[in-house]
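Labels run A, B and C following the written order; every chain starts at residue 1.
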Amino acid sequence: MKNPYLPHVAVIQDIRDEGPGLKSFDLAFRDGSVWEEFRPQPGQFVELSVFGEGEAPFGVATGAHETGLLRLSIQQVGRLTKMLHSMAPGDEVGVRGPFGNGWPLEAAKGKNLILIGGGIGMPPVRSALVSAMAEKDQYESISLFYGARSPEHITYADEIEQWIASDDAKINVTVDVGDDTWPGHVGVITTLLEDEHASPANAVTMTCGPPIMIHFVIPTLTKLGFSDDQIIVSLEARMKCGIGKCGRCNLGAEYICLDGPVFSYDHLQTMGIRL
Amino acid sequence: MDRLKILKSRLPDWLGKLRAQAAVYAPVERAGVTCFARLAPGDEPQLDYGNTDTPLKEVLFPQTECLITWQRTPEGLQVQEVDTSEPTVIFGARPCDVTGLRFLDRAFRLGGIEDPYWVRRRDKTTVISLVCPHPVPGCFGPSAGVNETSPEGADVVLTDIGSAYVVEVKSEQGQAAVDLASDAFTSAAEEDLIAAREAGETLLAELAEQAIDLEEPEARAKAFLQSPAWEQVWNRCLSCGICAFLCPTCHCFDICDQSCRGGGERIRCYDTCSSKIYTKQAGGHNARPTAKERLTQRVMHKFSYGPERLGVLGCVGCGRCRRCPVDIDLQLELSRVEVKEPV
Amino acid sequence: MSNHTDAVRARAKQLLESGEVTRVIGHARGTTPYRSRPHFASSPEQTDALIHDVSCGSNLAVYVSKPKERVAVIAKGCDARSLATIIHEGQAERGNVLILGVSCEGKLDEGRLLRKLDFPPRQVKSVREEGDEVVVEGPAGDVRLPRDDVIMVNCTYCRARTPAVSDELIGEPVPPREEADQYPDLGGLDAMSEAGRAEFWRAQFEKCIRCYACRNACPSCFCPECFVDEYHPQWALHGGGQFRGNWMWNVGRAQHLAGRCSACGSCQRGCPVDIPLMLLNRWMERATNQAFDHLAGMSEQQKQLAALFRKSEAKASEHG
């Protein structure tokens, strides 16, 4: 019997600083053949083991077309992530998954795809963005709205420059608080959406960020004319098992780990969930 | 199928044969508390009990169990799964506890993803249920949909008729368990069957006095959470784990690591939605910060989400949650709430 | 006699009507005549449900957690000891807690009571006190039981039957039990060998399911993060049903309560697997009482045991 609790051993290949307290980890499975069955879809997450510390869920940053390396971008917030941040290339961790439903990118083809990311919610948004850009002809357009706390908190800063240069997607970045070096937009993400006149015409939005950001983004999108079914959000919760057994992420009759983490807002409404 | 009976004096023969083939779990008393424990040679099960203090589920879903082990070696991390499942017989379980396994069966197979630790044990387990000779105080099994005389999920059902048990074999697995000691069983006579039927009828009549109204559970749950009683209830909840850990259907758990000398174990242990830290994330955010949100989750999971997702009520009427130190009795509260007609 | 229902209701009503307090924390009738439940009255109407009789055992000080406005607490002697302790430990401003003391001759132990009855619990119609007896009205009339046989064992050696700390007292003062200083309840443990005691506690702790009802029912267990939930270091293995972690949890908790336990018995009353936790707590109390002449919460001026230091103790420690 396949054991969903049994992690695959993965080796840290590369670690990059992404900003204050944030690092990206590129992981390769020690047994390279694992990747074929693993193949995370954009928007899915994994349970990462630091043996002796336990496990925690992280959204996958890797795009659908990027094979072999699992990228996780992780903020140091607790004891497990603290231990992780002290690790080095060559160190071994465990990975279970991938879990969850992922972004409905297939259904978004032919439409204007609007990705909205905030803070540490960027990894799954990056995954969706690079996956879509790799098939950009399939979409009417692709745009990113990204809000960071400050210029130094911008995740994937180097890549963002490349994305802007590539012209494959329209990239909009804002920071809550600017500084002398920041020439771009200043203000929370909702102001960016309004100032750039995000349009609901033939569009679908996909949002990932902290609960407080989602709480404010949804009414903003509604005000801009987006209907509930055009608003797709990825929710976070404390999770342990990742497969709908341990109960922690129970939301109505559903489980964020199993039925989500991606939900359409109209579905959440029918479940009576307010964000 | 012919009904059988077994004299109480022949029970040790049967148990001996079962124990030769399987780990036999039966009610025993441990330091003043009755629970299901593995019978060692010579152990007598305690069958004249009301209900066990701790629920049957712990046989198949232990309070604490090791999921995997890891070892650091020169060749790198070695991670191994643990499988302690073995052929098992549950002997003498009450119908409510047996019915509770149904909820867990569905939960541990939810979404087509099987929990191997549960499934491996469950698939190797034969359940021999024992009908209650008298109603256990506080039991309202029939109100929660429990078949008190022939519970779903049992492979064999025993009904006490004095000097013997009338035996109902409900599955092939049950037949195999009986066949192990076929000479200990005889055909039940007509009067034995009548005695068993009357015992069941008497039990149900007595249980009717303890019945509560749990019809329309979802509507009741929602109405209760809007009722004046609700505020007092959540205000007094102590956020402990009694109701969940003693519940035959609660299955929430925690997973954590325990290291020692270059290796360690990853265990899972019971956890509860009542706990203050259950949904607390590493960054400090807590989706259910007060007992109000936490107990709402319990009420809704038992009576609305569970039935919606798994098709069965998250309560089997055993009444164990009435051990609540602050007298929270959710079932009674729900039974008393006024359910408004849908508009 | 300790049925103070009328007096408690009347005073609670006055306090809420006059606005002296915003909330009265007391007891109401529970699901059976031998059970009470905590009850919160925030309006004069809500005081109608208040009761105070022999069933009102749970310690209400557990609901006092840094109140921002003044609350009144119906407090038996043990509850008052808890309140004095947690106020001293910074869990509430003294001015925000009105201690409505009630005299008490012991509160029911549900298990002990029900074991004395030869009819099903649901046939209990009422329970009352008369003199030194508890009278249970059953299907065949009254059953009279000596009070000491059906109250919590710890109540039979109570030293605070009249609250030592209170703002007001409801009921006539009751003197402390003479046995209080003699720890007769520990006789059984004393008679055991060390190995016998270890075996006794092993059997008890193996039952622990780690529901933490003991902790959560205890007013003195107010740590925002309990040691048992910590990871660095992981003081106690997680999960019930295993001895090592259960031992560490129960012994660790008892040690943290040394000199802080009010002997209310809420931990033991809450325990779903009947671990005699009061034996542990009383064991610790005897040790701290005899070594340091210290009992928790017996006066408002009293310092916490761990904050007490006498010069004579420095000398004692030199000698090991």
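Convention: a contact is a pair of C-beta atoms (placed from the backbone, for glycine too) under 8 Å apart; a residue touches a chain by one contact, two chains touch by 3 or more.
Quantities reported herein were computed from a predicted structural model and do not represent experimental measurements.
Closest chain to the protein centre (all Cα atoms averaged), using per-chain Cα means: B.
Centroid distances from chain A, each centroid being the mean of CA atoms, peak for C. Centre-to-centre separation between chain A and chain B, using Cα means, comes to 39 Å. Mean C-alpha position of chain B lies 32 Å from that of chain C. A separation of 50 Å divides the Cα centre of chain A from that of chain C. Counting partner chains per residue, chain C shows two or more touched chains at residues 231. Touching of two or more other chains is recorded for residues 53-54, 79 of chain A.
Residues of chain B in contact with at least two other chains: 254, 256, 268.
Residues 28, 30-31, 35-40, 58, 62-63, 120-122, 203-204, 206-207, 209-213, 215-217, 229, 231, 234, 237-242, 245, 266, 269-270, 272-274 of chain C are the ones touching chain B in the complex. Chain B contributes residues 30-33, 35, 53-54, 58, 62-64, 135, 137-138, 209-210, 232, 235-236, 238-242, 244-246, 254, 256, 258, 267-270, 272, 275, 277, 320, 322-323, 325-329, 332 to its touches with chain C in the complex.
Those residues of chain B whose C-beta lies close enough to touch chain A in the complex are 67-68, 70, 76-77, 79, 81, 107-108, 110-111, 113-117, 119-120, 251-257, 259, 264, 266, 268, 271, 273, 278-283, 285, 287, 297, 300-301, 304-305, 308-309.
Contact residues on chain A toward chain B in their complex (touch as defined above): 1-7, 9, 30, 49, 51-56, 75, 77-81, 92, 94, 210-211, 236-238, 240-241, 243-248, 250, 252-255, 258-259.
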